[in-house]
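Chain naming follows the written order as A, B, C and D, and within any one chain the residues start at number 1.
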């Protein structure tokens, strides 16, 4: 595994792992709050996909780059710099969350800070991120900028995926499009979603560079994402990264995922990227067991605190809400 | 039969349609072994091998496939995972399915099931009521069952129809609405039903709002002995103008209630028809009550006042009665 | 200025908007060197290098790109080659653009140009009027200019607005409608205009139908001295209820005319608003006249009677006046 | 060129060429009728693309297979067995045409005979044809059936193309999807439409077989189409055929195509497939100049006759038309 650490910066790797760990701690908490009936709306977790998610976002710089998280990107959100409280406020229905109760949970975003708020329709963010990049180029603000998003295997079947990636390629935009191939789209296995040999085979059809990576291998993910982001930054156009792993949870917390093939679970794909990452941290001296334990404690406290704050905050009040769908209030209700 | 729910009725209709007619097949995401996001197709793939097909996440192609199959005489029942995702299939539905008979003389016996309407915590993209969009396009039939019996009989009838049907099933009713059987009064698609009779005002509504309107009517009954008639449209295209006008003839007052967005749509169509054909029957201005003019909020506290409620319907009725 | 057409006005507005505001850019199929299917952008790519971009045939991505650019503060003007093809972009427009400000507080200053409406021989897929679909969704502004001056000033205003605007330009007016200048009365979006004043009945309409309504009014003037008021809505969302009601207050009679399909839509919304707020002003049942309940036929002989005509509008008015 | 004739049946080649010739004669007539102001609606011609169009359709069997022509497929229509009068009636606005004046020209079809009537929205026919095949499979009527359609380079950018081809691949349907890469979509050159090296590179991304062919070379087209159709018939799933040529006309007859690159026109791509086909017919002894001249005369007469009949027929009468958008008249106007 020595080769994989080549060119990786210590602080970068530690940043990725900490985001992964924080994500797991936070999502475990969300899971138990869900079971306790304390969550408003649905819960979709990224368990197993933390390495891909965090490593992609860790290569981006908030304030300059664009990062559009999707439903399994808690780790990426944290790596990009989203505050934990944004998450807990949304899940717990606080009016102080970034969406003020108007939209939920995984849909939260802060578009003005380069993190769009996803809509549910799969694939819709690809062209959106491209448009954000296009606007930066048009105003001469593109130097070294990258936009990134992560979609699932199922999303590759959408017209939005196709049109979005092709349009970005035609405009040679610095888009890093990661496919987290977790083998299932809800209950649908890849075999009912596509029949290409490997999703990365799609890259050539768009004239973009393709990258494959074992999504359970944290260090490999960091290396590949860094390469893809560097290439995009250097003006080489869109990069398609296909990372493979298994979803280590139901589609949402309402789903037990009992349809997931047992053979897959016990295969290499079924490894937990957080566990793999932990071994890698220790093995390569990026950290040690004690420090990781300490981080975990800190994270648990931080999460506990954020939950406590969020739970004390008010719910949205329909009689206080301005109910404005237009930035110009004169347009409302007319 | 013991308690059956609205979603049971849908499941039973799919089962019976598959059983009765070899031309019927089901197509949709996760509808096979998994039985669909709402379990409407649970067990049907095993029971009817090869006739319940899982689709990729490709709503445009799903609709196109179903339309093509219908051209060839099959009777596809297409499940959208949520009505909201039919926006991706919009082109195929309104331009390919809706125009086909008019252009070519070949009908499209397609049924598209749209899990519609709001539930607490579902938010802007899993709560939409899209009936008005589809009803605007000539060539489509748009049905909106409000009862367990209608959920069954109208789905059977939709599948039997030669013209394309958009079947809007309300998610809020799925497990909440129970009945002792699917047995219905056999009203055909195109006929509205007087769900509750009255003489002081008519509420015309459809889908989940029928139940909210009945509650409002009961509140007003208790409150002041008002007798409110509630008309359930059942299908919004065709719309049963006769039954609506007959009700307004009895009551002289009209409130049209819908869960969809306030600009245009079913309630505007109802008011316009009543005004055109029953103007002389009206003792007060006909009014509408719809959802608020914003996307559908996710937080249940906001959601509960975004859509009409028994309270807000009752309030509208009070104003109408006091006019 | 010598004769300028409606399409000239659109071209001039795009030119001026690009000139005035560096945030403005144009995106669409064949709009670059070729100047667009209708030549609305002719010469602009040369004049504003890098700001007039040809798009692949990807309406969904085109809309998504424009929305993303708008989030970043650009002012994209998106050209659909025909309104009808916006069905492919429907999801991005109604779910991404329309909901964005409500959800996030960040506005989407996007203008989407839809070459709309019928012309002889264009058929079911190059003739649609889609304003009602977009107006149904909260968060969108939908404008429908009927005059050369409005084509100019409303496009300028649309581009300046922070909220997303669906700009429905009528293809029939492109070269047929001429004026001596773009100079307008500076009515803002949201205000209707009394195009022709009268006292016996009000026709509320918009876009190309304004001209057909004026012709019908002239026919009735000649025929029986009837004085028909014609109100041009200009924007269908927001809709200027006050101006409509003020007109009905003068005339006591309402005919709402539109070129779109008959179920729902603008005319139903107009009638419903007048009934809710101006019922007591009405001396006769308010009525609607829309296109027929079929897809838009291609043959000019069929097309000419599919949409309302001066003759059919006059006929509706006669019935209304004789009520 | 000897290898290209191997395996080609004489009658098949003659059938293809005759359809190409008829198409050219017919379209030339449509062009002059358009200039004379006699056409109702727009005119979109297939000049230059006859070889691709006719060769694809010639491998299909009417009554069993499905053929969905697009805007430049007059030659394919003729090869598939559409009557000339269906064409002239539609263009000349006769009520006796297959669309009865309700839809126009290139939109005509006879779906009950396996030839769908296209809508304008590009790519929409791909899933439609797939659905027709699916229905045949479901009713056990699939033995040896093929469905085919032909789209343009521009259409490859649509989400409908992507979703349609992928869905057909997942269902392993016998779909032959031909892309007539005529280098332009209306005025838009390929460079603004896609940046992949070759459109056939898309095949791998869908897990389908790809074929490339010089679309100006009639015999090569026949050979490739026959192979693709045979493979589809044999159960090998969708086949993507990319045929390259130049559009030898404007986008429509209203367009002079002046934006087309002069270098392309004088390149091999700019060859006229009908001229190439004629040489091949003669060179390989499939026909001779005199017979071809005779065919042309027959075609001109047949076209002249169809035009004359169509022109004598009635226009649609709005007061006679039933104005039914529903097969059940009770649903109309309600």
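Following the convention adopted for this analysis, a contact is a pair of C-beta atoms (placed from the backbone, for glycine too) under 8 Å apart; a residue touches a chain by one contact, two chains touch by 3 or more.
These numbers were taken from a predicted model, which means no experiment stands behind them.
Enquirer: Would you kindly say which chain has the C-alpha centre located farthest from the C-alpha centre of chain A?
Expert: Computed centres place D farthest from chain A.
Enquirer: Where are there more C-beta contacts: A-C or A-B?
Expert: Answer by contact count: A-C.
Enquirer: Let me have the rounded angstrom distance from the C-alpha centre of chain A over to the C-alpha centre of chain C, please.
Expert: 41
Enquirer: Chain B to chain C: how many Å between their CA centres?
Expert: Distance between chain centres: 30 Å.
Enquirer: Can you compute the centre-to-centre distance for chain A and chain D, using the mean CA position of each chain? Integer Å is fine.
Expert: 44
Enquirer: If you average the CA atoms of chain A and of chain B, how many Å lie between those two points?
Expert: The answer is 36 Å.
Enquirer: Give the residues of chain B that touch two or more other chains, as numbers and ranges in rising order.
Expert: Chain B, residues with two or more chain partners: 55-56, 58, 60, 84, 87-88, 91, 95, 98-99, 102-103, 124-125, 138-139, 237, 239, 262, 292-295.
Enquirer: Where in chain D do residues touch two or more of the other chains?
Expert: Within chain D, residues 99, 102-103, 107, 119-121, 157-160, 163, 166-167, 170, 192-194, 324-325 contact more than one other chain.
Enquirer: In the complex, go through chain B and note every residue touching chain A.
Expert: 29-30, 32-34, 37, 54-58, 60, 82, 84-85, 87-88, 121-126, 262, 292-295, 297-302, 304-306
Enquirer: Show which residues of chain C lie in contact with chain A when the two form their complex.
Expert: Touching chain A: residues 22-23, 25, 50-51, 53, 55-56, 58-74, 76, 91-92, 95-96, 98-104, 106-107, 138-139, 141, 161-163, 190, 237-239, 241 of chain C.
Enquirer: List the residues on chain D that touch chain C in their complex, please.
Expert: 40-42, 93, 99, 101-105, 107, 119-122, 154-155, 157-160, 185-188, 192-194, 259, 315-319, 321, 323-325, 332-333
Enquirer: List the residues on chain B that touch chain C in their complex, please.
Expert: Listed in rising order, the residues of chain B that touch chain C are 84, 87-88, 90-91, 94-95, 98-99, 102-103, 124-125, 132-133, 135-139, 237, 239, 260-269, 271-272, 275-277, 279-280, 282, 284-288, 292-295.
Enquirer: For the complex, which residues does chain A have touching chain C?
Expert: Against chain C, the touching part of chain A is residues 98-99, 102-103, 107, 109-112, 116-117, 119-121, 124-136, 138-139, 159-160, 163-164, 166-167, 170-171, 324-328, 330-331, 334.
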